[in-house]
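Structures are listed in the sections that come next.
Two complexes come next, and they have one chain in common, subunit A, joined by subunit B in the first and subunit C in the second.
Up next is the complex of A and B:
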């Protein structure tokens, strides 16, 4: 048991945890923008599936990883804008719309995959983004390998986390976004364009969700498989709650949940006799406990999930 | 008269668009739409078995959909039917495995009652959290779905596992919901679902409790002014909804699978949300919508077997129809606009 906790074990474990956490972090980063603006998007799973499938299809046909990434971003964006149109413009139930989109995307991506596969004798595959070690930093013991010997999409995410933290917490635009999510009528009265802000937040959510799916294809697996996100969109929702809708906190929450997922595969090596499902369950349990712990302290944006109807009194 | 034409135009738009999408999907898979339509219809009406299969698949959607509709009408947004179904199935398994001699029908009744309780208790958690602390039930019910699913996984690899082999499943259960249309798989669970449609309709439309639930759902402040205990209403709505979903899960267990397995519910808890929406949260609407969705599944399965059309077409059309429904206002507007132009 003791010998297993070597530096080598921990290093590889951390590496795997970071890698698992990246899609969660991308998707939850987008959802933070959306929820801050008052749109609860349960359709993250659909965003990610669209991103994964489009990135795969584009990368496969064009042979370019960057085109694939762009395809994934556009795919996620398209799904999210449909959700935004239905929830903002048509003022419909956001949760129902998200669930319908999840089911729709699950179907349509499997359908197109079948067609793509049936036209190919070999299962189509794409290359993945190579690892880029950052000189110096990647040599730090324990965390260097995990954090700084990753692919380019991981480094882009680091930038995005930092930018989001500043943008949401320390800029006028971040304040406007929060105002729209808290009290859209008041925001409207002081001249903030509520609908435009919400659409913009949804667009960011869509692009980041698309990148999350694209990461799974273009950096992790190199293939698209049916229902490959397997509920990660829902875990990302939990990450947002556990991270209290703050980018850095959410990134850390994603890391924690990623570590829990990686732990499953290593428990047997560690001689821990717990069913894998127990580790699976952990993120959801933690999130519920976090929600309980937040009683009286943190709360949801006041208008989260409620459509703003401008002409209503 | 004018309103009537709009209704017809709207129905035409819905049917037309859905058929158009289905046609495209079938063409894309390289098959003939007409031939597929024949297979689809024969799959449903062509044999007693196909027809019974529709009712078999409708039963869990109907029960869970009813539960969800109670919640929606009372302002409790339950997306946790999936988990409540698993909890119901777990409780029913425990009771069914109980090695006590008793008439089979009593044993089954006890198992179903336990399922109702377990599903209800599982929904009680988000219910009380919402009623007492105002914590959003959406995230909580979602989390509880996964927790229930993983709990099922743990139990069928542990205390509930069939000790005679290594598969992650419970032993074959003795007590079962009796078949009602041999040799098909149709079982008494379907009759129970029909009975629940009646009960829920009576409860919501003809009892003070139902009235209170609906007032709470439409306006909490008004409910408080009327002296209705809002907290109690939310808890009642959540527990009833969870209980019905619990029965749905137990029905699948004791009527179809006869073993607790990981794929027992397989997403029907989410489809049931769409059933409730499509049925406009009305018990009779839920009855119709659940049979409609089930027919879609059975027809599409036949298309897959005989024509090689991917079964994913079910999810695509399900999602598409609901998205159309959400765009209803837009569709109506377009119809109205055309009419005005036509008149001018």
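Up next is the complex of A and C:
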């Protein structure tokens, strides 16, 4: 037990927690934009899987990590725009569409993986983004290693979190986005282009979701496996709610969930005498507790999940 | 606007409508619900596209593809249901969607100053830092007008602006309109209230069934002839109210009832209703009226206090038990609470009774008995079209309301809670609903009439109670000499003082 409290253990635990939190943070950051604009996209899992598979496929065939990242972004974007088309243009049920995409992507990504690796006896692998220690900052005890000795995608995320926070809370553009999610008719009457704003928000969601999946392949594992996201898209949705749709809060929430997931592995490794099934439950248990804790503390955008039809009477 | 045509599935909302408005005039657009006023204005504002016809602005033919074009041309619109974001501040709402200097960032001090200058010029005092959800309805309306003016509106379209205001607020609002006019703005005022047209407008255009019937100078006309033009026939007579029969025991007695929603007290009230009287509940919408109706019908439960009804304590009784004891409820929201729009007329008429014999026997519905009952309802209340199998959604508002009345009101109804029973109905249907209520009262039922329309309360009630932020400001005996100003100031939150005279 006392192993838990050594500095070395905590440092490596934190480092792993940050690393695990990154895909959740990327995906939830995207979902914040989407939900602010009134589109409830449950298909984060689909965005991530598309991003993961495309980044792997492109990186594997081209040999370039950056091309892989681009591929991941495009993959996530494509899936998310399909969701946006169905929910904005066709005004269909956003939840059902999201679930359908999740299931569809699970199948099709596994299928394409088979095609991709069918003529390759060895299991294909790609390189991963190397760690870049930021001089000075990475030497801070305990947190330096975790926060500032990471790969480039982590630093990009830091920038995105900061930018999103300013953009959503302190700019006219953020207000317009909020107006579209709260009261699209009001937004329309002051000349905000409701549909365009929603498509843009969906595009941001798709690209960030794609990066989330790309991170798992290009920074964590170097491979794509069937259902490799394993429910993280759903946890990212919980992160959005727990983070009250604010980028910095959501990033911290992602860290909490990341820590819970790492704890599961660490405790198993330490041989703590709890059934493995209980450990596996931990992240989801925390999700439930977190959701219970946020009851009544926030309200959803007024027209979240409701399609806007301008000509309706 | 010339020859505007706009059709929606099943209705022609505008049929070759013409409308012309001069600079610096207040032009009233008069018509019943469904006459096509709002549709016409939405076309002018670019929200709807006309099927044919054209819009001329300052002599030139224009086509507005979206509100953005209309705003750029100098047209502002205040919708009947405000288009403000409740969670945002007044300032954020006013500049919403604009690309001001410093975009995308917001220069709060500079913008505050220019808004305040504008507000001062037109007498539209409002605190720009407050969130819209903290404002009264009158203040929200001022924000809406400021929002349009801030965008440089020369023509202001106001859709039913006074429907939500107290009499005092209406007076203040008219002052603002006069100020706008003197500054050279044109105003289109949509309304169906004659008194307002006579008081404020220069010219009036009358719409009926989607066509424009007449344009006239306000001073050349009078309310009676306007009304005749608007509804196309003589105004129906007012219902007759027989003198109140007097002093039985109270039918309904609310004792220190407190209703809490989201931990905030929405209602704290004591009130009696006697058999054979109409108690009118006056007050601006959203001051606890809905909660009052729902706590009596058992939909909400009171956190404190007791409800006595017909000599028994019904505080804990369920909705169904209360209905069986003769409490009828006419909900203010036909589409949401009152009816199931996707079921047919027969099913809607049976909603309260389907469990009872003879409509259900041994757990099976008796179609013949149900048909009999629906046909008698349709005949008695003249519901059109008279087909029990028609989808509720396809009926007009007036006929939907009649269906609710038919279902709720029967010989067994001892207490009728009527919540905004004539909201959204045209004058003909309104008169019919009012005389049904008067009939029930004369028969001996106690009626709680909740209405935001003060005229309705004044013309029907025996006693008038004024509700403000969930509390009674006082209960008055209705009479011809009752001062509307007194009720107005009570609606604005001034309680009735001890021994105060309320008569002129």
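In the analysis below, the second predicted complex is superposed on the first by the 281 of 313 C-alpha atoms of A that agree within 3 Å, B and C clash if a C-alpha of one lies under 4 Å from a C-alpha of the other, contacts with A are read in each partner's own complex, and residues count from 1 in each chain.
To be clear about the criterion, a residue touches a chain if its C-beta (ideal position, glycine included) is under 8 Å from a C-beta of that chain, and two chains touch if they have at least 3 such contacts.
If you're wondering where the values come from, they're calculated on a predicted model, not measured in any experiment.
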Partner chain(s) touched by A:173 [first = subunit B, second = subunit C, both, neither]: second
First, second, both or neither for A:310, with subunit B first and subunit C second: second
Partner chain(s) touched by A:278 [first = subunit B, second = subunit C, both, neither]: first
Contacts of A:146 with subunit B and subunit C, given as first, second, both or neither: neither
Subunit B versus subunit C as contact partner of A:189, first or second or both or neither: second
In the superposition, subunit B vs subunit C on subunit A residues touched: B
Touched partner set for A:262, first subunit B, second subunit C, both or neither: neither
Partner chain in contact with A:50 - subunit B first, subunit C second, else both or neither: neither
Touched partner set for A:287, first subunit B, second subunit C, both or neither: first
First (subunit B), second (subunit C), both or neither touched by A:99: first
Intersection of subunit A interface sets (partners subunit B, subunit C): 299
Complex contact set, residues of subunit B against subunit A: 25, 28-29, 77, 79, 129, 133-136, 138-140, 142-144, 146-147, 150-151, 153-154, 157-158, 270-271, 273-274, 277, 310, 312-320, 322-323, 326-327, 329-330
Residue ranges of subunit C touching subunit A (in the complex, touch as defined): 8, 45, 47-48, 66-68, 71, 77, 79, 82-88, 92, 95-100, 103-106, 147, 151
Touch list for subunit A against partner subunit C, complex: 167, 170-176, 178-179, 182-183, 185-193, 299, 302, 310-311, 313
Sites on subunit A touched by subunit B in the complex: 40, 42, 82, 86, 90, 92-93, 95-97, 99-108, 110-111, 114-115, 231, 234, 237-238, 241, 275-278, 280-281, 284-285, 287-288, 291-292, 295, 299-300, 304-305
